[in-house]
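Just below sit the structures, each encoded as structure tokens.
Each of the next two complexes has chain A plus one more chain, namely chain B in the first and chain C in the second.
Then we have the complex of A and B:
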């Protein structure tokens, strides 16, 4: 940014201003792309401006956004979490076991369903803490540490269910995937609440500052008194919890749990959403709202192509190009 | 404390160096020792474990993973990563099936060329546009899968049995499966290239310290482009074997192969930070993870226990965990 020097005098302010512009620009870059996509669809896609189209797209993207929010935090600390899809499968495998079981207290729908929400999510969270422990206590690179559960996690879910499909009908439990309070799908509400919560956490709280500090310069953060290990442990734990919630939504929507399929390829979708949204993979900066926009952009491009008769296989090529383009543009802006 | 001087006396020092030597031996040869122990376990416990049939089955099947892991090892040694290999193998298997009616040579060479081209594209984007390898190869994972589905028209493509194409996956030469010969030849060439050629030195130098390599005038970009091209070519070769072995080009095969390959490389003792690594140990890592499945089958065959096939990923994951924890301990002790 050549004109930055002409407007500021002090060395302190020279860094503050572009930083702010950059942060805003990053979010707006994704936003502008999204608006252009919407505009294109308004002009060229029939029946685009309907409630149904809106909710079809939002429900398809809800689980990706929820997982990608946790991924954003992990990536902001300079890490990565490959295990999210497997953790979704574990949560998805546990819930039906709980509400379908014949142990007396669980047979009460209220107790059974409540526990079927809480326990799987907590278990996924504990597995997330396991990732975090490997990264902090044993100082294993995040990509390898989470690779362990990427491989073993789905196996655990398959072993627990013996690889069988678990079909079920349970309106109480399935409310998380099928419910529509005030006509809005509950999973969309959940997605927005989670995004808002973590956007707030990252922007306002000390924890949010710590996350960025750890990703920006870990040893400096440590010297400055940031509880580095706690922060890292927490982000992997959060990523696990959010994966667990996403896993429950998927099985509720499908009215069945298939450990072989729940959350398959989710790590790639989530990382793509984070990258397109403007969070650099090197850590130190993050935008949760950007991640939401990134996921929406990817989804809307896919929808647009499919609606206009482009086959799914070709849509993947476009998705690949978009990811590269988005990251390339952001890289330019940084330098 | 009064005991401090005592610990610096001669026996203490000798003990420390003995331990350090043992640790470094374990770190370098650990995977070979583990592989030897696993083979010994299998040989003693199961009657047909060392039968020619079992050995060729294991080698035939794991040759694909071995080739991919070899390319991955080179990429990782430069400090990079290649997530596209599984999709590239799927793409190559489709291309191989489409080329198989024209004979063995086109059926092998064209897919390998396609793989090279994909790898070359990866390398050029990574170096010239300066985007992280993780992102570039992630995008290529999607793109290659898309291309595979387009070429295959969304279904698996049968190979031609009129030509001798399937020989490449199912045939034997002097009783040794062709894929195993390809695998060993690739690793032999790979280890010669790494330890004896200038290119091998460059790979390790770039991974060790890219900035210093650049300042020393090493061809950093060319080296990186070369390793991604190599990785693509080897993934292409794995795709050919996939098609020839199972009689079909499979556009949806190869899911998660990239991560299994990374696991094998890590089990083989190559650090993900680049700058060091061993080709032979990578092969041992591949065989180690592959043998787990084989041993699980034998164990089930004995009938005393019955573990479903799903246990293999749990066991593989635990294995990766143990290896990584051990390596971590050993390298930390080394540094002290």
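Then we have the complex of A and C:
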């Protein structure tokens, strides 16, 4: 029985990066895309090459990058965190309560502001650990486990603030969103520090290896003595902490906290940044720098479309198409 | 009876998967109203043959004649419509729908274009009553135990007016009473003239319910006989491809000859129990000795290893290391106590595919290679270089991804993962499965050398040569229980096979006679 369709096609030859540049290779596509976008804007956008344009874009992207960094770690373990936006809202709701409070020690601006930074972030971190507990101890799928706080978290924030907008003027606290040491917006500095820190952690520490091992093959990792549950708890905790920080930046910038709006849609922006940056959602591989690039690409697309007067509805379509394209290109490269 | 046209005749079936021949000249003939056992070791081709029959795979060659017609099913649905139903190990119904909905899914009785629920429920009830099952058919399936769910699957299959029901390891998740119920159902089917193909690794079950057996090995049908004419021992020997009474033969493996000088007791496991898979497994390993763990598929070898290593919890029994009772809560604890576990399935439980050879090799050792949580690259590199050289791992470099390596080299990396820990006891689950002959010999020689150096080894293997030549002692498991322990002098292939089949190596003649007697009675 001769089968007509027996021509065996060998794997198509691909241009392969040298071994030591493989890691870079993963982020290569994103980098090229970003450079093309910059090039386009240099040619066609007025006043693109100004400090103001740079900082407008960077400040707008800072919170996404910070959240997406945590998301990268979670996704690297094979999970996902939908609760980030809600955790931002919780942190954003707590901070004004602390620094506007009239309890004696908190009335001191130094004490009040310090605690307004620390407590909300820690609370968001604890909620992150709650996510991690659902995923590890109760074996709930990450997408469902974090859906719990995605829904309930914003509710908690609304309850805490009675659903009211909390306006405030507090230069000490707002420094996190408005401060410009050496002319650079503090949130941009924060973003770069966080990216650098986690890129470093993923590269050189045992924790980074464990994150990738858990995402790469969980049962093999467990049998090799990797503390799988601890690693998972940790990544969700980190994602919570970083969401908390992002929440504070948002309210400081707005000079108000609105539990209904802080961090809205953030989970989608963060996941998009991770995906466009070259981290596969299946886990086992991760690039924090890629995530930064992914977020920058999305931001720059949004900016470009905006300054060229593309209507918002059309802009969304273009954005989606470009995300699809970016992820498609990465799929091609991986296989 | 014999002259009647058989219900199913599969002849000279061949099937090739990329890189491997799965079936070569396999045949299967099932008479009407016959319960037919299909047996064979892992990879013998049973599943492939069944999948070809049910249309899940397409054959490359051969003919299938079913119910007098030549057939070529293109999908399990088509096979079902033509009278061939399959019941899988895992119940594949919809857990949230009711029992009756599951039975009639896709062909619900209708009235005025709507589902006629009353009729559907009545029909379902009547159908199940045939098998002496009385449940509330309006309740969702998931509210019932696995056995009942299994019965629902059977009822669904029968309701298609099936002429042939294929059961692929239907009993693996059932307890004894549930198995008995399933057997009643099978007998009921038989009395109604329906044929059953029954795949199971539990020999007792085959003898309890089957009329005839077809044995497969390496993609071929090696034998087809009435169940009453073959003893368990013969059955096992055919499955493994060994002649009865074949004597111990040396030199076929890389193990070499001689006994190891065994030292102090290292590991004791006694009466391990977990659910139905472990029912009193016991073994011991001394430093510097290789203990073989033998048993048929499903006898609980891997489960025993996992229990010892803390990968699965045990409900009863005790594990002692150096005479002290231990209770490992996770593999991490076992690793700290000096144990290592090289798993059977490299892909799902061994390699981290996207990580490099370097990271895969040092994964278990990593905690000792770090300072302040930072991996010390120079130390790591030194270890990796040493083991790549020592084990002769063929790789383009430590940065190469492990999934790009050949099976043998992946296995060497995984061995190195444990050897670099300097363990005291290494559990090797099928250490040479699926790797080429050269690498196989090398790995066997390495295991031998390690035992000479004082390492205690617990080796699980389905290859009789590997066990007889490699082991200083052999522990035989059967249905989750240690049934025999053979010292070096007692180790022969037939002794192992006897224990695998019957439980005790000395009970062979008696048991065969009993089987013959029983079958003689059943065959009438």
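Simple rule for what comes next: the second predicted complex is superposed on the first by the 313 of 335 C-alpha atoms of A that agree within 3 Å, B and C clash if a C-alpha of one lies under 4 Å from a C-alpha of the other, contacts with A are read in each partner's own complex, and residues count from 1 in each chain.
The rule we apply is simple: contacts are C-beta pairs under 8 Å (C-beta built on N, C-alpha and C of every residue); 3 or more make two chains touch, one makes a residue touch a chain.
Here the structure is a predicted model, which means the values were calculated and not measured.
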{"item": "Chain B versus chain C as contact partner of A:154, first or second or both or neither", "value": "first"}
{"item": "First (chain B), second (chain C), both or neither touched by A:162", "value": "first"}
{"item": "First, second, both or neither for A:220, with chain B first and chain C second", "value": "second"}
{"item": "Touching partner for A:315 - first (chain B), second (chain C), both, neither", "value": "first"}
{"item": "Which of chain B and chain C A:205 touches, first, second, both or neither", "value": "second"}
{"item": "Which superposed partner A:138 touches (first chain B, second chain C, both, neither)", "value": "first"}
{"item": "Per-residue contact with chain A, leading partner among chain C and chain B", "value": "B"}
{"item": "Touching residues on chain B, where the partner in the complex is chain A", "value": "81, 125, 129-132, 134-136, 138-143, 145-150, 154, 255-256, 259-260, 262-263, 266, 272-273, 308-318, 320-321, 324-325, 328"}
{"item": "Chain C residues touching chain A - in the complex, by the definition given at the top", "value": "60-61, 309, 311, 330-332, 335, 341, 343, 348-355, 359, 363-364, 366-367, 369-370, 373-375, 396-397, 399-400, 417"}
{"item": "In the complex, chain A residues that touch chain C", "value": "1, 3, 19-20, 22, 204-207, 209-210, 212-213, 216-217, 219-227, 284-285"}
{"item": "Touching residues on chain A, where the partner in the complex is chain B", "value": "80, 82, 134, 138-141, 143-145, 147-156, 158-159, 162-163, 264-265, 268, 271-272, 275, 281-282, 311-317, 319-321, 323-324, 327-328, 331"}
